[in-house]
Amino acid sequence: MFVNQFLFLGAILFCIGVYGVVARKNAVLMLMSIEIILNSVNINLLTFALRNGSTDGHVFALYIIAVAAAEVGVGLGLVLLVYRNKKTISIDDLSEMRG
Amino acid sequence: MSLLASESEILAPLASGWFLEHAWLIPVIPAIAFALIILIGKRLPMKGSELGVLSMISSLVLAAGAGYQWIQRTNSATEDQFVEPVIKSWSWWRSGGFDFGIGQHIDGLSILVLIVVAFISTLVQIYSLEYLRGDRRYTHFFAALTLFSGGMLAMVLADNMMLFLLGWEIMGLCSFMLIGHWWEEDANSRAALKAFFTVRTGDVGLLVGISMLYFSANDWTQEHLGVSGFSIRGISAWALSGAPNSTVITIAAVALFIACIGKSGQFPLHTWLPDAMAGPTPVSSLLHSSTMVVAGVYLVARLYPVFFVGLNILGSGGNLIVIIGGITIVISAALAFVQNDIKRVLAYSTVSQLGYMMLGLGAGAWLPAVFHIFTHAFFKACLFLGAGSISHSASHHSFDMKRDMGGLRKVMPITFTTWIISTLALCGVFPFSGFFSKDEIIDNVGHNGYNLFMIIGLIGAFMTAAYMTRATYLTFFGEPRGASAGHADHGDTHNSHDADASHDAHDVEQSHGPHESGLLITIPLIILSVLALSSGFLNATPFGESWERMKLWVEPRSVEVVEETHLGGPGESLIINLPSAEEVHSKSVCGSAQPETGICYAPQLNHAPFKWLKAMMSMAIVFLGIAISWILSTLLFTKRAPRLVGLTQRVKILGFGHKLLVNKYYLDVLYEKVIVRSIAYPVARAAYWFNQNILDGILHAIANSTRKISGWVYKNVDQLVVDGTVNNSATLTKSLGTAAQPTQSGKVSQYAALLFSAAAVAALVLVIINT
Amino acid sequence: MNMLQENNWLLSVGTFLPMVGVVLMMLMPKAKDQSVKLVALVTSIATLAVGIYTAFKFDFDQAEKMQFVANEKWISVIKSSYLIGIDGISLPLYLLSMVITLLVVIYSLDHVPSPGKPKAFFSLLLVLQTGMAGTFIAQDLILFFVFFELVLLPMFFMIGVWGGEQRQYASIKFFLYTMFGSALMLVAFLALFFKTGAESFSIPYLIENGGSIGKNLQVWIFAGMFVGFAVKVPMFPFHTWLPDAHTQAPTQGSVILAAVLLKLGTYGFVRIALPILPSAARQWAPYIGGLAVIGIIYGALGCLAQTDMKRLIAFSSVAHMGFVMLGISTLTSFGINAAMFGMVAHGLITGMLFFVAGSVKERYHTLEISKLGGMLTQMPHLGWIFGFCTMASLGLPGLAGFWGEFPAILSAYNPGAGLNETVFRVFMVIAALGTVLAAAYLLWLYQRIAFGTPKNSEHDSHSTHDELHDVTTYEWLAWTPLLVGILVLGIVPNLLFSVFDPAVQVTLSAFGG
Amino acid sequence: MIAQNIGFLIIAIVMIVAALRVVTTNNVVHAALWLVVVLAGAAAQYILLAAEFVAVTQVLVYIGAVMVLFLFGTMLTRARIGAESDLNNSYKKLGIPVGLVMLVAMGLALTDSFGDEKLPESAKVVSTQEVSDQIFGPYLLPFWALSFVLLAAVVGAIVLARKD
């Protein structure tokens, strides 16, 4: 197995995730795209862990999973709040911060 | 300018004369006549045609005079002496230190073709006086014919490739103008376009080939002969000198041959030639059978040393020329079987015969091939004019053999006789002219070791005999059909006419039904058929050495020539011919090794000794072809007019049993369905299908896709990208001012997009910098 | 460089005589159309007469030398002088500009394009003539630049005022494009000036001293000039202004544009860029050649995609100028001779084609190819003239077009010293293929327009039939010289080659032969 | 090794397709389910990468918890469970070049750095013990920090989502 096959998988997923973040208007879907990005990062971390024969990567991966869980929790909470106030979760409609 | 002639002196002991020295007048006369016809033609009593005919007659006289003097010249030389061509050249233009000449190169080959061209042109113009009488563009027609003759004659006597190219292209132009003569009809103008374009595609090879030869040969020719690398004499000598780089000369030869393929309708660029029959019949007769299409063959024969060395003729294995020639012979002969249009049969036959010429040249049979140019011109022109005569006087301008012809031998005895003579000549029946040329080609091809191609040649001969028999049968035998039976249905046949619109003047005449054509048409036919019968005796190998006049007159002698060149400026090259004693008697090394002391102008070629046995064998094949085809034709085509009386008669003439008559329908089915349909038709159809769908299809596909690509490029690249960049830069400037505002939209996804795009670009830049 | 100074008033008179006509016209009342036309005609005839007298006095045995040289003080602050002269390269182009102007004036006598205003129109024509002639005689870079730019304005107005429907767009595009090129060109000129010691702008001086500039810098200066001239030529990919400008310009504008203006660019290459910066030219030559052959093929493909006759002819200019540039890029005297010949030939042929297109437009009120047809039936003379030009344009031997095209192809087989032969031989083959495409699009055009039966039945219904008159007297007068020129140059190419050759040899002396 | 490669390939393709569906589908619930596929695939890849514990955690936390959160979030915000048309914003097209440029950049960097370097053949599976030794050894401080983050998140989420 090549190092690159995993890294490329990670890269492709990352780019798909980026596309999702840019293209999606729906906040929930945007969060999902972020999850894809995070997972692609995890794949990278674990690949390097295997390559370098260390377990640091595993630790980071676990931390990322944990942080992601927290992020989803808070993120969805925010979405819920927004929805309750504005009856929409379309990100584009949240432009109060326009300069 | 330096166009003034400076008298050149040829101090060789060879005879020369006014006609040879002034052969350059031959193309000049038609050129002047062309200008006169264009300028004042319409005001003349015969609308300019008299100028055309007169100019052709004077060219013919000059050419004949030159021919006579050339014969004297060859006779005055000893048997092994190199007969110096009569070369004169003047500076045409100079550029960048290079001198480009214009001039004449008269030797046996050019004299031969000059006479053929001038002769056929004269006859065709006389014929056209009647054939096109009352045509809307009568004057233009004669102008174009005259210009064509001028161009072809100029090409034939060109002393350098530049002038050659000039003539070559003028012929292409005239071909375009004449095929599209009745351009009101879309099909005609399309055929004209196709012809010009196909030939022009091949011409790329000519441009490339000439350029390559010029730059590779120039140094050598300047040093040894004092002529430029365009000079035909120079190139020939250079090719045989052993100096040329073998890759360069091979590529140049292939490039030139591509041009020949286009011009001479060789496989796979032959498809334009049958379509070119959309032109008036005299045009088909002159340009597309006897003269213009042999230009490619002429180029090979003219620069034979280049092809000889470049393509390794006489070397082991086949070479490009024989392969193309061989394929062309069979493919086009097979196509001739499925044609209903009499001119198309003849057109495919022309392609096939050109294939023979190429085959001969490629196999080292130079003289038979050149001789075939000569004989073919007469009988093929005669056949075309015959077809024209039929359509003009009998079939109401239709060329459809199956629908509008048949049984014409009685009403058109002269046309019929000349047709039969020419057909026999085309088939190569002894003692008609085709025998002496075509059989020689086949014989020499075998003699030079190309056995496979000899067999192809014989198969071709068989097929030639067969399809010509079929055409003859359909046209002259059987019951009259359609227009030739006198009940022409105007509306129905108009589509297949080649001259409907312009021949309205003749409609009154048409009401008399089929009849023999007038004298202006039949006299050229008779003259041509006499030549078709007799011209072969000019090189009748079967009767021994003394009959081989052409070999003596036309074939360049492959003698190593020790030359002394006198550099007296353009037009004054003085050549002294000094073959040393031992060279005269030893076998020439030309073509096989590097000449040691002198210069070679022609490679040493062998001639097959004539054997009656071989001739008998090929005769047998030809007769077999005629017989089989005759039987098939009888059985096939009479089905359409099933009158028992006529049938019995015909079959009796043939000496067939009564049984066959009784079982006529049964045999019809058998032959047509079982034999012809299952064997001949599929092959021929497949070839025709290949022709129409694959080759033409590729052409169309290329044309279409080029158009599509160009459309796409135009639309997307040109209009959007290149143009768009410019347009956008203007809008960009404008929008830049307001560009900053939207970035502050407050929209998260936009921020994300910007963030990521910036990151992406930055990443890319980093990567590129670091790698 | 040797210079001959006799009769040095001739060139100035020839160049500025049209301005006298302009002044005269300005003094005339607007209403007097006829006298305005008369003045324009007389002026252009007089100009041509001076031109012919110049050619008569020109010493053809010394065509390589600058003749009729005048050197006066002009803007001494920037060391620019009024230095003019003419040699074998510029003489034919100088005369060409005069001939074309005269013919255009003759043509315009009968065909002032809408919206009329003959006074302004003829004035612009004559100003244009001064600019063109001046460019060809200027031997000082600043003077050259001034004339080069002087050409722009009248053309801009000609397209913008007398043009077609999208004239504004086309004229602005034309102007901006050329200005963009000129800006870079001016920078290059200034760089040249300072890098040769800020002594002089005169071309002969720069030719002597240009070689001393460092090679890298030369390449950059050449790049500036390249863009300036390439836009004018126009070379791929700087050509997109051309189809628009041609399509929208009035007939007269198109003719002058095609016949003379495009030549300013190629002339600039031969006169300025190559001799002053020889080593940069050698560096650039393969790229120029490459762009040239791309232009040849690309222009031809563009032509095949056109549905508008005038636009097609405009695209064919791109292809033809590709041949010219290919000849120049070989850096051999043979190739540059071919290019010079090609310039003149293209001027005559394409100018003529635009005349025909203008007449077609005038008669049929459309240039859509699909709406045209059967021209030979309705107007046989126009049809035959059109056919003649088509044949000349596709490079039929015996007509002028061939002698620009074939030698250019030929020269690419053997490019100048220091250039990669293989690359140029590939160019040669591609260019040769370009001739096939040229045949294709021109014949296709001709077949669709001239052959067949007339299609404009709806046109006949709402206009009188006599609008479809054949070639008129004015048209004959304007066209015959061009047609004769095409034929004569085709038969006797040495008429031009003998004039160009010595001068080109001198130009190339910087390349060592 | 071959079996592993094949496995990798199949899973990778499934993941990529699923991920593409996540970002393109017009149905939020479908997107969530496709995301499950991606996450499960990722878990499988972790196993191929000899990371058992992480894989198990992935399944538990992501597929078990996060997905449930997503589905709840979806249901709480939108009653409609079906195709919708306005999930994408008008800058959709911009995403494609951005993604491609990034991919190109990463691809260049990756091929340049790692070329055809191989992973160690006989990689020993990392045991849970080793991982825990790391977490509770050198990485203890981050672990604490993370615990606080999680706590804060839980509190925050409750505060945010609470109705009042």
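A, B, C and D are the chain letters, set down in written order, and residue numbers restart from 1 in every chain.
Operating definition for what follows: contacts are C-beta pairs under 8 Å (C-beta built on N, C-alpha and C of every residue); 3 or more make two chains touch, one makes a residue touch a chain.
This structure is a prediction, so every number in the text was calculated from the model and none was measured.
Steps from chain A to chain B, minimised over paths through touching chains, total 1.
In terms of C-beta pairs in contact, the better-connected of the chain pairs A-D and B-D is A-D.
If you average the Cα atoms of chain A and of chain D, the two centres end up 7 Å apart. Centre-to-centre, using mean CA coordinates, chain A is 63 Å away from chain C. Distance between chain B and chain D, defined via averaged C-alpha coordinates, is recorded as 74 Å. Multi-chain contact residues of chain A (touching two or more other chains) are listed as 18, 21-25, 91-92. Of all residues in chain D, those touching 2 or more other chains are 89, 91, 94-95, 98-99, 102, 106, listed in ascending order.
Residues of chain C in contact with two or more other chains: none. Chains that are in contact with each other form these pairs: A-B, A-D, B-C, B-D. Remark: chain A residues 1-9, 11-26, 28-29, 31-33, 35-36, 39, 42-43, 46-47, 49-51, 53, 55-59, 61-63, 65-74, 76-81, 83-84, 89-92 touch chain D in the complex. Of all residues in chain B, only 1-3, 91-98, 165-166, 168-170, 173, 176, 180, 183-184, 186, 189-190, 192-193, 196-197, 200-201, 203-204, 207-208, 210-212, 214-215, 703, 706-707, 709-711, 713-715, 718, 722-723, 726, 730 touch chain C in the complex they form.
Per the touch definition, chain A reaches chain B in the complex via residues 18, 21-25, 30, 91-92, 94-99. Residues 89, 91, 94-95, 97-99, 101-102, 104-106, 108-109, 112 of chain D are the ones touching chain B in the complex. Within the complex formed with chain B, the residues of chain C that make contact are 173, 176-177, 237, 240-241, 298, 301-306, 332-338, 341, 374, 376-377, 391, 396-398, 402-403, 406-407, 409-411, 413-414, 428-429, 432-433, 435-437, 439-440, 443-444, 447, 450-453, 492-495, 497-498, 500-501, 504-505.
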